[in-house]
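After this come two complexes, each holding subunit A, first together with subunit B and then together with subunit C.
Let's turn to the complex of A and B:
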């Protein structure tokens, strides 16, 4: 059993070159941005001498390669540098923002499953009939709406009009967080559900026609017990990888949604950093997002291996 | 032995009393097909009737598309959409399964009627341990706890001749060979002590040597417990090894039925005779094989009259006018052929 999970450490080792590549891309992309952080910090009225002095102080006058190696050298010591805007270690800023973004993503994932599984089941058990059509229309509309627009509509409807949820923010206490995160999580869930529903609907239709479902019926299984015992786990197998890929994209979506809902997560940190040309912060957030995507990829394969006993990624790694 | 307790429990939980002299299963004028709009339905199986007495073993033989598997699936209530029963009755212990509420019918599936499928690879759920798949029925129908049902599963696996059953119960289907998987299917089917076992070509996907072992196992289990058997296959040799009664199906109709030994000795329908003459006999390897010319008709445009007429060597004019009825040609022997009197030759 454990043998099948031997691919995890191997995959972690394999991701090292990916991370190195990410640092290079992130570093040079940031420096390709027009604009000068010193100018942003000092304001439009700064004299060229003061700008040059600050550039020297920040190490921005050195050649790019030197700056890159200084960046990597510090990174290896766990030092991401200080934020140019906040004058605080970037690590602290990211460390504060990560749990907020992660809980938003986790909440969104749960909500999207709560939406997707019943809808996919409803559609798959009556393909071509009215409820299937309704679900398919829902997925089309869901795919067609831009995330930020859904977010704004939800704010207008549920927060401003119905006053059921807060307009934005993250709340003060642990009990408040889920309440504040509900609308943004729902926005992300609505964005994520259509692909999940489509994939799950198709695989459920397939599984319902499988011989072993006939076997289960011949043992007297039906309805929910049939669905839970024999259909869902098999139908979920192809969907798991799609959810994994989507989670990666969702990080990008959450950046915008955090801005819409004024949530102090990685997204807000990133967008503010971009506007103020806060290089160290942009680098740190991008690096963290890259690591997140890598970890989600490995976790996807772990889940895949857990639900399908036939999957043996470890033997493929060996070959 | 836990298996025995399971069966007594199943008997107690029985919903259908069986009176002596009444057939356990009685299929009456069963027509299966696809319902079209404005009564334009297409029948794939037409007017099939047969009885199975308690403990009797009945074989249904026919080529692909003859409707034998659909007949079996109709009994189990597992017809694939959009195929459905158009008319007729399927009585189990005197109660019509087709008009029974679906919920009541499901309570029979397992403790009264069980089914074994053709492909042991695809008929087992790939993500559930085989022991748990066997235990599912007893848990649902016999009210066993997970632990009791697990123990029953292991003892059932031992009974079907699976070596090291306790370890194998924790295996997934893909970890087992085809023969073992089919034994798992059998263990699953008999786990609730059914009185009627429906087998849909259970040995077709297996090697010939494994095939024989599985047939012997089925035969032993059925005679041990007095279980009735309906066995669908295209393989005449398999029928000969397992069944006492035989029905031959062609193009959705039963064309001949009777005791296996008698039908084999003296077929009274040209199609049965064609089947026997075209199948190799290992006892007489030098006998010439005579193929049946032509192909079975398409169900959508079946010719008027006898469906076998275009391929038949005994055909006369009246054969193409009306479908010959299934009539008794000898005691316990039915044939749907106008010319059955001309078929008196005894095949050695």
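Let's turn to the complex of A and C:
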């Protein structure tokens, strides 16, 4: 059993070059800014003293490679500098925002499964028929809707017209948070559902044609018990990796959605940092999000191995 | 067998399947529906000045925030500009930028991926490592940061999208090449003494490009989403140029009174994506029928 998880340390080792690459990209972001980065960050009206001070703070007065190693060294000590706006360590800001964004993502993931599993089952059990067609139309339209616009439409329908939910914000107490997070999570769930439905539909059709499902049927299993006991687990296997890839995409989407609903997570932190040209904060959020995507990738493979005893990623490692 | 004979033989083997599928294109309902929708949108974009008597940019503050009427079918925005007019002109901007933004990453990604897959070795390793790094950043995170870094404006959007989306083409083409280079027609051409460049351009490219082309259709949708999202965040095409994303942003302010203003440009995006998705699905059926689910 444990043998099949040998790939985890290997994958962790393999992700080291990617993590190094990510730090290089995040580091060089500052150097893509045209002209003097400090001047660009502070604006043209900045005094020479402030420019010089920021240059020293960002280490911009040293050779590029030295700067990079200083950056990495500080990073390993959990120090990415201070926010130019809040004058506080950016790591504090990021770690304040992370739980909010993560709970939004988890909520969205659950909602997207609540939407996707029944719809995929409806479509897969009658391929080519009307309800399959309706589900396909839903996925096509769902894929074509800008996420932030879905959010605005939900605000319009459920907050402004029906007054069932708040138009935005995160709430004050732990009991209020789920209520405030519902609409943004639903927005993300709608954005995530089409690909999940498509994948789940295709694999369900495959599984429904398998011999063991025929056997289960002939032994009297039908309806929901057949679906839950025999079909879903097998059909879910390919979908897990799709959801894993999608989660990375979802993180990007959640940044924009947080802005729509004024939720004080990573997204609002980054977008506000962009407008205030708060470069250390932008770097910290980009770095954190990229590391998150790498971790999710590895976790996806673990889940994949857990739910399917036949999978053995250790034996077919990619070079 | 001589090179020429091999080439003729492979062409003969390919031709029947291709002409059969080409003849049947009009029976492909998905493709036709996609073509009609996209065709109409392009037509509307091109003919925008003829379709509306109003100016998309000139302000008319006395007529701001009018409800829909016979004069202004979709009402006017807060600067008194006709919403329908801005919607039509917005199609010009969003479609143009969406289509153009695909070109650079398509070319760069396909070429790099093809070379990596064909030659393998250290070049492949380097390209794929870089691809892995870029894949770690969610699309929007990198696009938003890069647009900020490059400065506002259309050029930054092209650069940012190119920097982010070439990786997908590289991955697709590398995979295609890994399969294609082991095919008999490539091995035969190689044995016949043909150069790598000639094999890649004359023999492999026509067979593998279709996958990148199919992906490009969904990529255009993604790029249009990105442009609209950037516009909504205030980082995209600068106002007062009519653009769907910034129209949604402007409309959101008046969501309680004039809800159409935020709704309609979003619907325009939905119709555009729907058309392009159908076109992509249809193309995929047409170009690689053997891969149909």
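Points worth noting:
Rule of thumb we're sticking to: the second predicted complex is superposed on the first by the 279 of 319 C-alpha atoms of A that agree within 3 Å, B and C clash if a C-alpha of one lies under 4 Å from a C-alpha of the other, contacts with A are read in each partner's own complex, and residues count from 1 in each chain.
Here is the rule we use: a residue touches a chain if its C-beta (ideal position, glycine included) is under 8 Å from a C-beta of that chain, and two chains touch if they have at least 3 such contacts.
Here the structure is a predicted model, which means the values were calculated and not measured.
After alignment on the shared subunit A, the placement of subunit B and subunit C results in a side-by-side fit free of clashes.
When the shared chain is aligned, subunit B comes close enough to touch A:220, but subunit C does not.
Of the two partner chains, subunit B is the only one touched by A:308; subunit C is not.
A simple residue count on subunit A separates subunit B from subunit C, and the partner touching more is C. In the superposition on chain A, contact of A:252 is made with subunit C only, not with subunit B. Contact with subunit B, but none with subunit C, is seen for A:210 once the two complexes are overlaid on the shared chain.
Of the two partner chains placed around the shared chain by superposition, neither subunit B nor subunit C is touched by A:106.
In the superposition on chain A, A:229 makes contact with subunit B only, while subunit C stays out of contact range. In the superposed model, A:299 lies in contact with neither subunit B nor subunit C. Between subunit B and subunit C the least C-alpha distance in the superposed model amounts to 18 Å.
Comparing the two interfaces of subunit A, the one with subunit B and the one with subunit C have no residue in common. Considering their complex, residues 209-212, 214-222, 225, 229-230, 233-234, 237, 307-310 of subunit A touch subunit B.
On subunit C, the positions that touch subunit A within their shared complex are 129-130, 132-142, 144-146, 148-151, 221, 225, 228-229, 232-235, 245, 248, 252, 255-256, 259, 262-263, 266, 269-274, 277-278, 293. Against subunit C, in their complex, subunit A makes its touches with residues 17-18, 21-22, 24-25, 29, 32-34, 140-141, 143-149, 152-153, 155-156, 160, 202, 248-253, 255-256, 259, 270-271, 274-275, 282, 285-286, 289-291, 293-294.
In the complex of the two chains, the subunit B residues touching subunit A come out as 76-78, 80, 102, 106-110, 114-115, 117, 119, 122-128, 133, 136-137, 140-141, 172, 174, 185, 188-189.
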